[in-house]
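Next up: the structures, one after another.
Next come two complexes, and both contain chain A; in the first it sits with chain B, in the second with chain C.
On to the complex of A and B.
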């Protein structure tokens, strides 16, 4: 009897865990170094940060509220909640203080530590601890967007000073504590509020992920399935699929120094030739929205009144024939994309749509490293990519300002427009948020008119879960914060 | 006479598909989003793929891709391999030593791995696949030709030709090639099968044909993602590939039996 009771309790243990299927494995759980989406999303569960964002991407207090004492001096006051660090072998009952904030940010600011997040906060000149709960940030130059840059998870100061690596462990103060990472592709976390165990399982293949969900080997998965598999899941019993619109922006980028693509008419013709409605209807998820600008219209600096380039093959042909191209004498353009099958699928459709108006597209798919390297070096005519998790409109300086050519920024198309430069600078000097938003709207209008990018769409998010899973919600940027409230109903 | 049977029929069909494919009114690249993943039916014998392109048309186009690659790789490999192997063995000495070492180095790598590395370096594209597979492929022919030549070059008819003062080139062409051709032809038939598989493998990895061109390997890769909802996408090219490779191997076997004089005389008894 006792043995059988023990056995059953042993067997039941893993059944209580909520298992989450990941399409790509996290690389590093160290918030100072993690840059990939999976790591960043898990880090949000494991660590708290000073500042977070609301649904329209305005910075809101998370660990701390702030006030700008002068344009270059911000004072942050830590709040009561979320300051208890996870207990571990190295620390017991330690509470997060301003010393930890300073240690974490000082570490990232040191150039020899080579943190990929350094560039985003390099305007910090000095960090001074006032007391346990108050800390001052001094800046090199005024930047009203500054609080929105402080989104890196705070580590304990002792841990930072010990030089310990946190890529495969964690000591955060987040809603979840780290249990173990027993093998590649399996991470176990515990929710601190009720000790619920979560297992994050990496299942790379989309079909296998769906089958595992149907067989109950995972309880929950989010995004990264072909539309056909999503509709297949929707038809199966015992599961639910929920969609919502997202903010991750997919676009076609041009090399504006290219002899052909620097002609405005060519870029406009491409914009008119792409039938986004059809692609969204047949290939993308149902909640995918057409995009006209990098920031979605519900962003605080978004522009809902932009005039879209609607599908108009006649207009595209007309623009091209003015330049001497037509279906019989097509314009040849090389189009680079990553080797991700979904991206190739979209690119192949665009290739066909462009062929119909007289642009012969030579499609080249490369593995990610080669592709990304080529894009950064400017070795491309046309490419497509997505911006993921964009919150703060400083992205415009990073992507479109003429001084932001890589490695200084991400102006990969070598776009150079003095009006845009001037609008970016003007927006940064704006006094209040409304005024800045107004300039950013004007800026996005100018960008849509001059087309350094052809905006395509904001991809949707969806999750599929066993029907016993309840309370999960999707975030606009696709993070996993919904796991804080998810529970299993019996 | 060699028995052709069903394998012969399948291979002639493959050949016919490959040769006539480019001239048929096919639309392997016509995207029709309405038909995405529609299964086989009356309008379209093999259904549509993940972009609404007809699978049958793409299968025919893929046949010519795989035939083109197999033909060129085997031809280049046979020519280079035979040439290098025969001359190296005939000349002997240091030249032979060096050639043997080079052959050993190539054979030390698993063939497909070397091909993956080479096409990775040269970049994706079907021409590069031909080059990569030829670089890997000639070695087998060279080794075979060399071994055959070594055993033949001391035969009486060769010694006689040498003593009569025949020029070297003539000896190789007139007295050696006819005798070493039989095993090389058989090796070449097996080569076709392995090249078809290798091309499919490289295309499966994304190193072969570039979209929107079709190859059986890339069709299998695309189809595998939809196996759950549209099995026809992976079954059609998969079965086609299996039939061709099986047929080539069967015919190669029969060709070997037929060309083997000893075996034939036994059968006749």
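On to the complex of A and C.
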């Protein structure tokens, strides 16, 4: 008893902070450089950006509303709300102005600063401050999707110009202010509306993350758990698990220059042979949406009326048989995936499903950088991956246009379809959003018919929390904005 | 002795230089590009090239290597490609955690291994011996990625004695130190047993017993002390391993050490961080080895004089 009491005192008592468990550690709080998901999500809390997105991924005003004065000239007007920068020993009561917007974007546009976000806004030719609340952006070329690119957090101009480092601190105007980053894997923020403190704790191991939640060392975690741990948590008293459909798109990609996979019948046979319902039911807990296109049907440019390739092993065998393949003379394909255990598990199931129709799959998994290098170089026959955080339909040009073969874009499968090229170009020239959406729908029909990808599903989001945690909501892209409203009830 | 020290330090420097060159070329040979990892595929060719120039990755490998060594002479380890932070700052942040865990694991290992090894040796071929050696076998066989969560389940979740993970006070050190120390204790206890058995058969032990000394005095004072030398060598080498970081234990317990940093840097192809971590790890190994050589030379004069004593 005495030993137990003494040892119990070794574990620190919880205070009033709300603790959020992260599966990967944020790398930088500087929105000009952060690219990893954890940093980007925390930066959304710390900084305001000019533009945001609604649930249909339409760009909507955040700090600023806008109008296109010409196709290459956009005027942004700052709103009143959300413009108070965090007070710090470097600055007091400073309000965000257009000078701060210009300083932030000018910095990113300078190639010598090597910002990874430069590529997304490199069409900006010039930025001119009109007055404290109005700023003009001039573009090299017309792009109706342009406002959707201005999603980088705004920093104070003086701090940018003085070369202050933001990687381990923040001076944003967001809903949260930065408190400290005492060690790798622990960041403390304060909600500005009520001074509630939040601790973001990195716990890499999924099992340990769950144990910490059960033990009360963290209050909330989101995504990145194997299905069996989610099921386990659902059965625990004193805790809740909430799900929501997401928009991150998982697919199987093909090398369309490969002698075997360039044959339409082979790709169709693979699409018919995969039993997505079974995988979703038994591996993903039955709460995942099947996908028929890169954009979900509720996206403003999505197509809800696409006809899916339903599981039909008979049809798959028939298609293969016409091409001279059968169980005795199987088709052999190499399938590459990452080393993530969950991805390997799904790939193994697909391997088994394809074997049942006479396709022998050689499954290979690699660490992320090697895998990514291989698919970029076209060293694959078939691979599976996900597109994460897709908001803008300009993704179609990057992924499917014949000129977008890496390094120019992400047409990894070397897909070449003049009709698709033409539809992409037509959509980009569309005058209004409805017109562009219509063309994008046709484009998605063509893609589903010709199958450069086999669409699998949109990954669901979920959070697990102690029952005392209330008010958290899941965002469609998995951001942490729900923390703006979360509170402890007891 | 000075001559011996000089020779050892010189050979240590050569080893370090070789390791650094090898790691530099190997990490660049591995497929995967840090610029890709940062920019993704949507970046334009011109932006990739601009970033390559900004990061110095456009230079030929030999020029990069030369620059690296020039910077090293000024104690400049560079900056991380991903976080843009000075690497020396990153290492200094992690080093205390690594040292803490390494020393604690070593203490756990010694606390378990010595009693077990001694009992097994003096009670040779009895149940005590078999029990101790079975424990040792189990300790060696249980992987850390299993033992860690089991310890957490029992001591954190069920008993509530220690935090589940993180580095937050002395309590948080206990479970990772036990996880890491147990495997080391297993190896060490076998070594203690075998060397002590050898020593206990020596003539001077028989003399000590003939003099009428108590058994505990014979074993602990005359036996164990003479059996320590190879054990201390093993301990030194293991300290080198522990200072290099214990990736699995650090991951399970969210312990912010060097091992985790190294693996994360390798996965992201953060070349300068990988180089700096390997430099630190090899430095730890070389330092421990040189110290071991010096202790040996001090204890056994034949070593420092090339066997002429």
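Here is the rule we go by: the second predicted complex is superposed on the first by the 474 of 490 C-alpha atoms of A that agree within 3 Å, B and C clash if a C-alpha of one lies under 4 Å from a C-alpha of the other, contacts with A are read in each partner's own complex, and residues count from 1 in each chain.
As a convention for this text, a residue touches a chain if its C-beta (ideal position, glycine included) is under 8 Å from a C-beta of that chain, and two chains touch if they have at least 3 such contacts.
Computed from a predicted structure; not experimentally measured.
Asks: After the chain A overlay, clash or fit between chain B and chain C?
Replies: fit
Asks: Considering only the touch criterion stated at the top, classify A:364 as touching first (chain B), second (chain C), both, or neither.
Replies: So A:364 only meets chain B here.
Asks: After superposing on the shared chain, does chain C or chain B touch more chain A residues?
Replies: After superposing on chain A, more of chain A is contacted by C.
Asks: In the superposed arrangement, which partner chain does A:211 touch: chain B (first), chain C (second), both, or neither?
Replies: both
Asks: For the overlaid structures, how many degrees, to the nearest 10, lie between chain B and chain C at the C-alpha centre of chain A?
Replies: In the superposed model, the angle at chain A is 30 degrees.
Asks: Where does A:351 make contact in the superposed view: on chain B (first), on chain C (second), on both, or on neither?
Replies: A:351 sits against chain B, while chain C stays out of touch.
Asks: Answer with first, second, both or neither: which of chain B and chain C does A:232 touch in the superposed model?
Replies: first
Asks: So, does A:297 touch the first partner chain B, the second partner chain C, both, or neither?
Replies: Touch status of A:297: no partner.
Asks: With the two structures laid over each other on chain A, which partner does A:341 touch: chain B (first), chain C (second), both, or neither?
Replies: first
Asks: Quick one: smallest Cα-Cα gap between chain B and chain C in the superposed arrangement, Å?
Replies: Checking C-alpha atoms only, chain B sits 5 Å from chain C at its nearest point.
Asks: Just to be sure I follow: which residues of chain A are touched by chain B in one complex and then by chain C in the other one?
Replies: Touching chain B and chain C on chain A: residues 207, 211, 367.
Asks: Over in the complex, which chain A residues touch chain B? Could you list them?
Replies: Within the complex, chain A contacts chain B at residues 206-207, 210-211, 226, 228-229, 231-232, 278-279, 281-283, 339, 341, 344-345, 347-349, 351-352, 363-367.
Asks: Mind listing the chain A positions that touch chain C in their complex?
Replies: For this pair, the touching residues of chain A are 4, 7-12, 27-28, 30, 33, 35-36, 111-114, 116, 118-120, 122, 165, 167-168, 183-186, 201-205, 207-208, 211-212, 214-215, 217, 367-370, 372-374, 376, 398, 406-410, 412.
Asks: Which bits of chain B are touching chain A when the two form their complex?
Replies: Of all residues in chain B, those touching chain A are 29-31, 33-34, 36-37, 50-52, 124, 206, 210-212, 221-222, 224-230.
Asks: Please output the residues of chain C touching chain A within their complex, sorted ascending.
Replies: These residues of chain C touch chain A: 30-33, 36-48, 50-51, 54-55, 82-85, 90, 93-94, 97, 148-149, 152-153, 156-157, 159-172, 174, 251-254, 256, 260-261, 267-269.
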